[in-house]
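In what comes next, subunit A is part of two complexes: it sits with subunit B in the first one and with subunit C in the second one.
For the complex of A and B:
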């Protein structure tokens, strides 16, 4: 049982990393970015294709990150150009449209052929509580934690970070004070694109890696982000790791194992009900 | 020319000509759109359709691609008795409602004379009855759900998931003499119905039981966790049926968790030309079932198939083989029809088709014929990755001989 839970950390790390991106984009740009994982998957596939045509790991990976940044940048441009005045719901719907577009393009370009997926330090594992955990898993989990910490630090302590918070909380006032709204928004999208590409490159070798499967990792990641109600980076990391470990643990019970894909949904439901408990209990008093 | 009078008379003449032309064309045109007229030099295209899971949660475009490749080559060589084949593969995205809608469209609007080469994962239970009611027949490429093999109007060319699994289990326990056979199968919704009967045939004919068995794998399942259980159960052979992209992570997880000495056996959809490259060294020694004469061999009967697939830019896969064969079967059947090619005459020809020699591409002849169940292909060969390439590893395993 413990082993199944520990080995769920690979998926958990992925959800945590993408979850951090989701929270960042939500806080800074007021949109639930449904296309986050698909953006990363696009970047990762560029790296995979280059690796397949002979490039070595690092150059292919970097080229992939550039692609991820470009796609993030493009999405950010579309969002801030035409939808900067729209509600969060409208903007999130646009993000869903972006997800569908990316999934369609991904299927068109990359098809269903199996490819050799590049891996960082293939074969290296560390034994954690009886499970041989891959180096990529460790990097993903540690990376998510460190990233959440660094971003929080950045937003609280640096001038640019404070400007960005001003932008997200009081966009009009910030613009009047000379904060370059559009540029910062697009920067956030591009940054999230880079991180999600890195995340995809880390986890793709160890799980089913067709484009659609990778793109739909966004759903458990959104569930992870919901733990902190899309506001806390640290809780998004915790949420991601929890979901991964619960999914791993569920595999031990053959009666519920077929429903392991429903864990994120149950997670969101529990989080939401718990967060609304004050109101429900007040109303019943 | 100028002047209103002149214009009016030209207009009048024009109108009259148009009217006459319309009457003549109407008289010459066929009464139903799409069906051929019975003139001896008919060159109108023969319409053949397919409903397939080309995209969707489990995309399998290979079948219709393979059939398309056959029809392309056939059309280039002149078509069927001088008539081109107009192949219409439609994508049902594994959505049952869409599947039903598309079949109706093919039969009622496009007036296809038959269906061929399709690989729908949800279609058979949904449109089996409709096919019977409309009197149209389907030479399916890849069938997976049990209903595809128990429908009066459908006869697939492939072996299907159930017999594939049984064959893999039989090969593991009877030929490879593995003592602890295990199975980690994917949760594929309607296809899950194939697992219990597949297991039952193996258990009954060998008297053995699986050491570890799960049918809950999905794209998100943690494969390391599964491999830990496989190792704990002491498995020495593992049957699994993931997609081609699931092969590498599964093998990686096995290696990472130290499940050495485990022989892995994949199912037919993973037998593709590109799989060995994607799994690298970890794939050495891995087996797969092959539902047709393995395309990685050099038997002469596959030359045309390989050429057609190559010409159409389609990857060599077992699913592509099934679509190609379905296209060949329907084309040869139509070639033999004397008189009009309609859905009725094609249906009659298929009902008479009790033995079609596939020239060794399948173990036994294909058949349609009357009856409420059609499952002509129940034999597989095993292939294995050796030195980074697939090689044929066994002769035909006839699953029907074990299912008595």
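For the complex of A and C:
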């Protein structure tokens, strides 16, 4: 039982990484980026192609992250150019359209079949208190926690970070105060593209790694972000690890193991229904 | 003239779509019939998205999952109840999908925007997993659906799907002219205003999701009937996403939009193939099209309709109307008001207290509005006037104290029940529904029986009385100030015991405001309801009201005749911002 819960931590860490990206983008531009995992998958596949053609792991991974930055930058540009003033429904629809576009391009460039994906440190595990933990698991989980901590520190302590918070809480007021809204928003999208690429590279080896499956990892990641109502980085990390561990634990029960992909639904339903139970009316007064 | 031409633009798709579908098999070769049928089935799915998203403004990313449920039930009946006819299988499939739709509507009562999108997508993925594990009935046994003889050929099955599509589109068109359809549009714009019109927000959302699931479930059955056997891949969540984007791109609310969407989804891949581009690039086109449609603010069908409308009608976009400052027209048309018993109270508040955290917004407010009276509630900014209106109308439920309407305690009732009992309100911001005609909007606030009793002449008379254009115009054709008067008309038309008017003169010119004061003062005598007027404009208040209550910092500081109250020192101080010494 403990072993299977711990083995779910790798996925959980990746959900946490992408969940952090989703929170970051949501806080900047108030849209749930449905394309976040697909952006990462795109970057990861670029890295894998380069790796396959003889590059060593690290340079290939960095090149993939650059690709993730490019895609994130492009998506952010579209969103902030035309939809910064649009309704939630319109912005969500654009994010969904981005997901469709990236999935379609992914199928085209990389095919629909699963690929063999290299691990960062193949097969190496560490024994912690009698439980085997993969090195990539440790990298992912620690990475997610450190990242969330660093971003929080950045948002709280630096001038740029405080400007970004102002932007997320009072976009118009921030713009009037001279905060370059568009540039900052696009920067955040690009940054999130890089991080989600890293998350994807870490999780892909242990996953059904066809492009669509990787793109739909956005769902558990969104579920993770929903724990903090898309606003808290720490809770997003916690949510991701929780979902990963639940999915891992579920593998112990053969009768429900095939349904582990339904875990995010249960998680989202419980979290959102509970946190929004008082929202009887819509925003328009 | 305008109306006649408006009917032309409305009738064109209603007749055009069936005629077009009738001609398709004549125009295209037999080898295309299968693709044409697929187009119709996708078009039906898009119609189902049009109900939830186009009409009611809720994002649903699980429409193919609804279709899967319909298909599953259809196949189960085919395998386990071979005696049941084909048509009944499809219909039952649709009906059993309804409770699934209602189940998804439950979270929609609290979740909106991105949250609703997230949970519907999660539902789609989860159900897809369940279906992948348990497969559709009869598939493992290799059972192939046998269609009855009369729809066995590609062409006859196309006609069959065309009939279903037209029935669905026709039902949606009919529904959108009823109060159910109007309440779908209403929740899209404002839930509070929907409730204030006496419509239940919950019922509007549930009915939209339920009906949409029914349509999608039927489409699922049609799909299995066409293909003969299906796997779970046919209902992948990715298709739900693609069709959602397609629906936004084409304007799914209208049958011609849905049809365009269906045709695009079936034939873009063929065209792409012909010009040597990979078929799946079609999805990229739809995603791109949806984004372009959103930038332009309209789907294909909306754009076409807008062009047709502007071509057909040369009427000015802002209909000219004259506020009749003189004697009110035709008093004979006025309905007798409710019996005026001078001692009866239309509205009574007793010790109303509201706290938001540590802030006390209202503190022990008591207020009485007798029947047949125009009373005013005034007070400086932040005095708690709007909070009071929200409490009385039921939008804020966590208050202490008692509210009585016609002597009956209404504290336990939700806002739409209060509205129906005879407590109506208007809003500070424009909360009309731009896509309805003025007649539809006014009737949305009435009960079914009330609506059938209120003639069009009577509606026209009321509109003229308040200086609004005729009932045939669309709400979005009139200016904002006039729209706020439409809210007043709708509230009064419901023949309530009292109407709460929240700054109705905001956005009106001085001269219009004077006319409005005169009209408001005549409401009780002419139409029956008492009025509680919340206003900043002191001239309007003095001209229209016979009693005034002044609120400051959540407390009543003065009450009585207008002349006395406005001369009161505490009131003057409150307005001038000095510290009050009570």
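Here is the rule we use: the second predicted complex is superposed on the first by the 266 of 285 C-alpha atoms of A that agree within 3 Å, B and C clash if a C-alpha of one lies under 4 Å from a C-alpha of the other, contacts with A are read in each partner's own complex, and residues count from 1 in each chain.
Here is the rule we use: contacts are C-beta pairs under 8 Å (C-beta built on N, C-alpha and C of every residue); 3 or more make two chains touch, one makes a residue touch a chain.
Here the structure is a predicted model, which is why all the values come from computation and not from measurement.
J.: Overlaying on subunit A: subunit B and subunit C, fit or clash?
T.: Subunit B/subunit C on subunit A - steric clash.
J.: Going by the contact rule set out at the top, does A:152 touch subunit B (first), subunit C (second), both, or neither?
T.: Touch status of A:152: no partner.
J.: Which of the two partners, first being subunit B and second being subunit C, lies in contact with A:261: first, second, both, or neither?
T.: A:261: touches subunit B and subunit C.
J.: Mind telling me which of the two, subunit B or subunit C, contacts the most residues of subunit A?
T.: On the superposition, C touches more of the residues of subunit A.
J.: Scan A:100 for contacts with subunit B and subunit C and give back first, second, both or neither.
T.: It touches subunit C, and subunit B stays clear.
J.: Check whether A:232 is in contact with subunit B, with subunit C, with both or with neither, and answer first, second, both or neither.
T.: In the superposition, A:232 contacts neither subunit B nor subunit C.
J.: Given the touch rule stated above, what does A:117 touch, subunit B (first), subunit C (second), both, or neither?
T.: Touch partner of A:117: subunit B, not subunit C.
J.: Would you check which partner chain A:84 touches, where first means subunit B only, second means subunit C only, and both and neither mean what they say?
T.: Once the two structures are laid over each other on A, A:84 reaches no partner at all.
J.: Can A:125 be said to touch subunit B (first), subunit C (second), both, or neither?
T.: Only subunit B is touched by A:125; subunit C is not.
J.: Once both complexes are aligned on A, which of 98-106, 224-232 or 314-322 in subunit C overlaps with subunit B?
T.: Stretch 224-232 of subunit C has C-alpha atoms clashing with subunit B.
J.: Can you list the residues of subunit A that meet both subunit B and subunit C?
T.: Shared contact residues on subunit A (touching subunit B in one complex, subunit C in the other): 107, 212, 216, 258, 261.
J.: Inside the complex, what are the residues of subunit A that reach subunit C?
T.: The contact residues of subunit A facing subunit C are 31-32, 34, 78, 82-83, 86-94, 96-101, 103-105, 107-108, 212, 216, 219, 222-223, 226, 230, 258-259, 261-262, 264-266, 268-269, 272-273, 276-277, 279-285.
J.: Within the complex, which stretch of subunit A touches subunit B?
T.: 3-4, 7-8, 10-11, 107, 111-117, 122-123, 125, 130-134, 205-210, 212-213, 216-217, 220, 244, 247-248, 251, 254, 257-258, 260-261
J.: So in the complex, the part of subunit B that touches subunit A is made up of which residues?
T.: Within the complex, subunit B touches subunit A at residues 55, 57, 59-61, 187, 214-216, 218-226, 228-229, 242-249, 252-253, 255-258, 272, 274-275, 277-280, 315.
J.: Mind listing the subunit C positions that touch subunit A in their complex?
T.: Within the complex, subunit C contacts subunit A at residues 53, 57, 59, 61, 107, 110-115, 117-119, 121-123, 125-126, 129-130, 133, 187, 189-192, 237-238, 241-242, 244-245, 248, 278, 280-281, 283-284, 286-288, 290-291, 294-295, 395, 427-429, 431.
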